[in-house]
Amino acid sequence: MNALETQGLGIRFGAFQAVADVNLSLEPGARQALIGPNGAGKTTLINLLTGIYKPSSGSIRMNGQDITAMPADRRARQGLARTFQINTLFPSLTPLLSVVLAIHEREGQGATWWRPYRRSTAAFDEAHALLARLRLDALANLPVAELAYGKQRLLEIALALAARPRILLLDEPAAGVPEDESAELFDVIADLPQDISVLFIEHDMNLVFKFARRISVLVAGRILTEGTPAEIGRDPRVREVYLGTAHVNAIHGAAHV
Amino acid sequence: MKTLALSERQLRLAEVAFWLLLASSFFLAPDHLTLLSQILIVGLFAVALDMALGYAGILTVGHAAFFGAGAYTAGLLAKHGWGEPFSGLVLALVVAGVLGYALSFLIVRGADLTRLMITIGVCVLLAEVVNRASGITGGTDGLQGMQVWPVLGLFEFDLFGKTAFVYAFCVVLLVFLGVRLMLRSPFGLALRGIHDNRKRMLAIGSPVEARLRMAYAFSAAVAGVAGALMAQTTQFVGIESIGFNRSAEILIILVLGGTGRLYGGLIGAMVYMVVHDWFADLNPEYWMFWLGIFLIAVVMLGRGGIMGALSRRVRAKEPAQ
Amino acid sequence: MSEPLLAFDNVTAGYGNAVVLDRMSFSLRAGESLAILGRNGVGKTTTLETLMGNTRVKAGAIRWRGQDITRMPPHLRVRAGLGWVPQEREVFPSLTVEENLTVVARPGAWGLRRVYGLFPRLQERRANYGNQLSGGEQQMLAIGRALMTNPALLLLDEPMEGLAPIIVEELARAITQLCEQDGLPSIVVEQHPVLALRMTHQAIVLERGTVVHAGASEALAADHALLDKLLGVGIEEVS
Amino acid sequence: MGIVLFDGVAYGMLLFLMAVGLSITMGLMNFVNLAHGSFAVVGGYTAAVLMNHLGLGYAAALAASFIVAALLGAVLEFAFYRRLYRAHPLDQVLLSIGLVFVSIAGLTYFFGPSMLAFHLPAALEGQVSVGGLQLSRYRLFLIVAGVLVLVLLLLAMGRTRYGAMVRAAVDNQRVAAGTGIHVQRLFFLTFSLGCGLAGLGGALSLGMLGLEPSFPLKYMVYFLIVVCVGGAGTITGPFIAALLVGIVDVAGKYYLPEAGAFLIYLFMIGMLLVRPNGIVPKKGIA
Amino acid sequence: QDPLKIGLIGTYSGPYADYGRQFDAGVALYLKEHGGKIAGRTVEVIKKDTAGPAPDASKRIAQELIVRDKVQILTGLDFSPNAYAVAAVATQAKVPTVVMNASSSAITTSSPYVARLSFTVQQVSDPMARWMLKNGTKEAYVVVADYAPGVDSLTAFKKAFEEGGGKVVGELRTPMNNPDFSAYVQRIKDAKPQSVFFFFPSGVMPPAFLKVWKERGMEEAGIKLYATGEATDDSYLDATGDVALGLITSHHYSYAHPSAKNQKFVKDFEAQNGTSMRPSYFAVTAYDAMAAIDLALKKTGGDANGDKVMAAFKGLKFESPRGPIEIDAATRDIVQTVYIRKTEKVGGKLVNVEFDKFDNVKDPAKEAK
């Protein structure tokens, strides 16, 4: 049974078909990349998977269960976490409280109104540990609005991880993060327990070819091809519409890993 | 401009001092007890509004609907033979809370302006219903014939407003502590999250609308208690208690005090009502002019109301967790 | 020596009371592009925001073509020739793609046609509102919008972020060409030093709001040890 | 039937004329300007005083009402409003309510608390017979004025770059300025335009509404209804909304007088539940 | 003797600020005429603003006036809810309270310490019904503002009209905040009744209604129009303009009342306040309230004790600018002449010319009980 599986998934915005007839499957423990030209529909696909958009056609199954009509928050509670391409954070909270908040919601305590949140020591400990893992611990008590962009990108991931997801969807997690740190970041992701499935969108081919075990290529809303990094790197169609010529070496490098 | 950093302990002390000072006005300002109890009640109403507006981010100019619902509940109960004050409060709390929950379904969806207008609409409609049902409510003449029994069977509501003050003080303090607890709970944190970024809340699995509905119902219930308190201490309920003007006034009071800051409502009520009373005494015809100038001056001097200006001077040290 | 195109002279600036740039100095000669490098949070964006007049400058002076613009309001800086691409793209959400472009248009070599030529994707999506674009499309729009003001200097804050590799390549080539052929230089803030250094003549590296290295891009690109020291980048040979 | 529809349309036009300025200041510029009615009432007083005391003609008085309200708006924009464009909407509420208070007290001081006399020019009194229907001249005039204002505004805001510039500046002032838009001047002009329209609306309303200092508070909700139901920030939205509100209100009061006070609010709530962002959601002008 | 302190609670700001102005002018005129003294005691008037109907504020103000300022008499009270809220305080503190306007019938019943010098809505509506019947009108359509006084007026008119053999052929209640009357007037026009009686509070509603009435040519359609005197309140009559011409109304006071007492009153009033402001029924009641307090205190020998003053009020009879008035011994409510008037232009000014009257009218709502 696949962690996530879509069938004929599609959405139109007016006359514009942003995603069409996508059959995508994510195995348990997958480390899968989703690449494609700008405007191919990658983010839209993630929005469909997480329930922000309702599809105009097709269906989505999560661990065998049909979730096509399930609201976004329920999907999240069932273990589907994501990050956003454009920072979507809590500007007036601190990173620490943001993560604690996410942990509360995961634990189903979001409606607890009769005791102070300060007493949630377990949640705070966990939050500290998580922030430390992403090297955000020094900034834990600063308002999020005052963090530099790159740090905010990291917090995006922290919030997703705080949900202890079973499926993690990352929308360009490393954009705006310096190269060495983005590698570290992907190490964190790679080190996640093996039963967690990860699907990530990324335009940095070094990262894609290094961390993905499988790559899906989306072009104009449709899956153009899928395969191992080596297969994708060799595919002339992918090169023509997406890769260009610059990344030949990175691909070859990755192929040796 | 230097900011003064207060530790958590100092903040707590400041809070205690605030309430002690209020309590001591029983002895310090015995001639102003009625004004003081009305300030407390209006302050509680503003705190209730803050729960919806400042914390849950629901822009509403219709909160008098719940204040009025509470007032009429307590008033009708006392008119029809049951004048025990505490049970009146509890019933008002329940009625307003249920009404709030029911209306929340109309309100949590939609954008700010939409919510604003729906709350106004609902409030005006309710006022019109009260006007039409004059057989029960007395319409614009007001609800006559309330008989509120002595508090605890012992303390009559007296001419000097002593009983009213002590009664209002205790109830307001109690409810306020409840609100304070709620805002510092995981639920309160979730509200801050929703206020900041609804989309992200959904993504971390928070049922945003359910949370907002709950907050709105809480807020309505507290407003209902404030309304009931006002009815019991005035021993009269006028139709103004449910109208648009009261909703707008309480919004001004809260904004003056500062939204989303717990004490904003209380401080706003104090400043607004004292300043208003003072200007109205000095100049019964044109106090509006001075009050208007005052409001403009407050905005020009600092954003976020009085508490907002204060918070730029005084900053809580982040607790080391 | 002739007056530099742009000069930061001991600029101290920040947001509110917080100081982010600490006595920063650098200058840019006419006809040359500049890369600003540095880790997260060192003040790269703040440098550009200061250049655009969006921060509070506490000390120092900024000179542009010999004129002191330290206190000039932002819109006049645009008229004076600065074209800005903000870091988070910040396209106007309630304007269509085409409106986003035309609303800022100033007379000059760049017009709708030419921007669409550079980014055909924008032309396809030209009736979409700003908030109905993909991340990469927004990036293209932000760059196109800056070009529509027909600037004399382009300020690009991580312009490649979120763009597909093939577009990155094209854009890098275009930016180099703009400088070389059209005499339109750029200041490029980048996370990817290799890319940025390839597109520019000069480079500065920031650390905690000050310039810790300034020199020719080519030299820096070649000095892996220095790069590693300054930016902590274990550079892999990419191209 | 025909006459009821006509009355409804005329009443709707009146609402449109009074509220369209608010659609610009609040809807387009995102400034929660609860003092809109104050500018309207200033326009009204201007027209009434000029006609009563200086014997000015109606047309001249209307022009004056626009100019005076726009000038007042300009002065206040310069002194207060411009400092609050980026502030929280609630701070804007506080400022504008403060201004309403001041305007009420000020007008009371100069003109007394009660209604000011106003008489329509003779040409607009009474009725004309059109196709068998007895139509009020004044109401006919309102309809013409409403359509005229609509057309002029659409031409000014829709065709030119001006409207798009305002929207851009509202979306993001920092970036708008950073791409060469003179945000301050743009807002100054736009705000003054909104206030001038308010003044014109106030003066045009004199044939129906009584002119008293408390006018701004009394009709605030009506302005808001029209703007919100129509879609804040658009011109055609409030136009359609005002027509609908006018027709629903007049027809409702005619056919179902018992529900008179409820109808407009029920209609508003219903519309907002069906179309939460207004009849014409703000995207582009028009 | 220390001064007599009187608390004057009224509306001095906001849309109803005219009420407070008229109160003030009436009170000041009486005091001026009497050397600032009442029953030999100097008078100190402390005025407080409620800014319209606001029972909680009124109650607080009354308490503060009594507890802090030590006033011995309360007066003013333009809105009924305010009067009800203050009446409770009056009872508790045993402070005599003289209502200057609040018109809900039961206010005097709600406290033994309340007397009323103004009128009740029923008191002026009922005579209009009787006069219309007397003059051959058998069919009336009733329009009232939809609030408590409006309903009071409707009830009183209907009762009197139907008891006298007339028929109410239609009823309309219009919302208080009603900018456009076209729908209502059109409805009446299509119903073609013989006559229309309307009650609206003083202010913007009557002129708005009359404008549409005129515009639709209702007069030409042969529909007669009647109202209570609020429609042609002297305060607003100038601003209302010619649309009011010919309207027949019933009320207890007209500024043009031809008695010598009134002519002096008006002359003094104008000397004091200028001609831009006419004395309305608010001013005359305020003037009379002071007179009543004066007369009562003279009876008690200057003693302001609540019970004594209230006893002195009962049955008090004197000549007011409006005509002879009396405080009913049983109900402490006013008994007065209600006049039928017609709006005419006299000397270039619109005034209510009295041409018929009903003597000794009591509050019909209490009479019925």
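Order of writing sets the labels: A, B, C, D and E. Residues in every chain begin at 1.
Rule of thumb we're sticking to: contacts are C-beta pairs under 8 Å (C-beta built on N, C-alpha and C of every residue); 3 or more make two chains touch, one makes a residue touch a chain.
Everything quoted here is computed from the prediction, not taken from an experiment.
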| item | value |
| --- | --- |
| Both-way neighbours, i.e. chains that touch subunit D and touch subunit B | E |
| Distance from the mean Cα position of subunit C to that of subunit B, given in whole angstrom | 50 |
| Geometric centre distance via CA averages, subunit D-subunit A, whole Å | 48 |
| Centre distance in Å when subunit C and subunit E are each reduced to the mean of their C-alpha atoms | 75 |
| Euclidean distance of C-alpha centroids - subunit A vs subunit E, Å | 74 |
| Per-residue multi-chain contacts in subunit D, two or more chains | 104-105, 108, 217, 261 |
| All chain pairs that touch each other | A-B, A-C, B-D, B-E, C-D, D-E |
| Interface residues, subunit C side, partner subunit D - complex | 52-54, 73-75, 77-79, 84, 86, 90, 92-96, 99-100, 102-104, 106, 129-130, 145-146, 149 |
| Interface residues, subunit E side, partner subunit D - complex | 13-18, 21, 146, 172-180, 182-184, 186-187, 203-204, 207-208, 211, 215-217, 235-236, 238-242, 276-277 |
| Of all residues in subunit B, those that touch subunit D in their complex | 53, 59, 106, 109-114, 116-118, 120-122, 124-125, 128, 131, 244-245, 248, 251-252, 255-256, 259, 285-296, 298-300, 303-305 |
| Of subunit B, residues touching subunit E in the complex | 31-32, 34-35, 38, 128, 131-132, 134, 138-142, 144, 158-161, 230, 234-241, 280-281, 284-288 |
| Subunit D residues within the subunit E interface of the complex | 3-4, 7-8, 10-11, 14, 104-105, 108, 112-119, 125-127, 134, 136, 138-139, 207-210, 212-214, 217-219, 222, 249-254, 257-258, 260-261 |
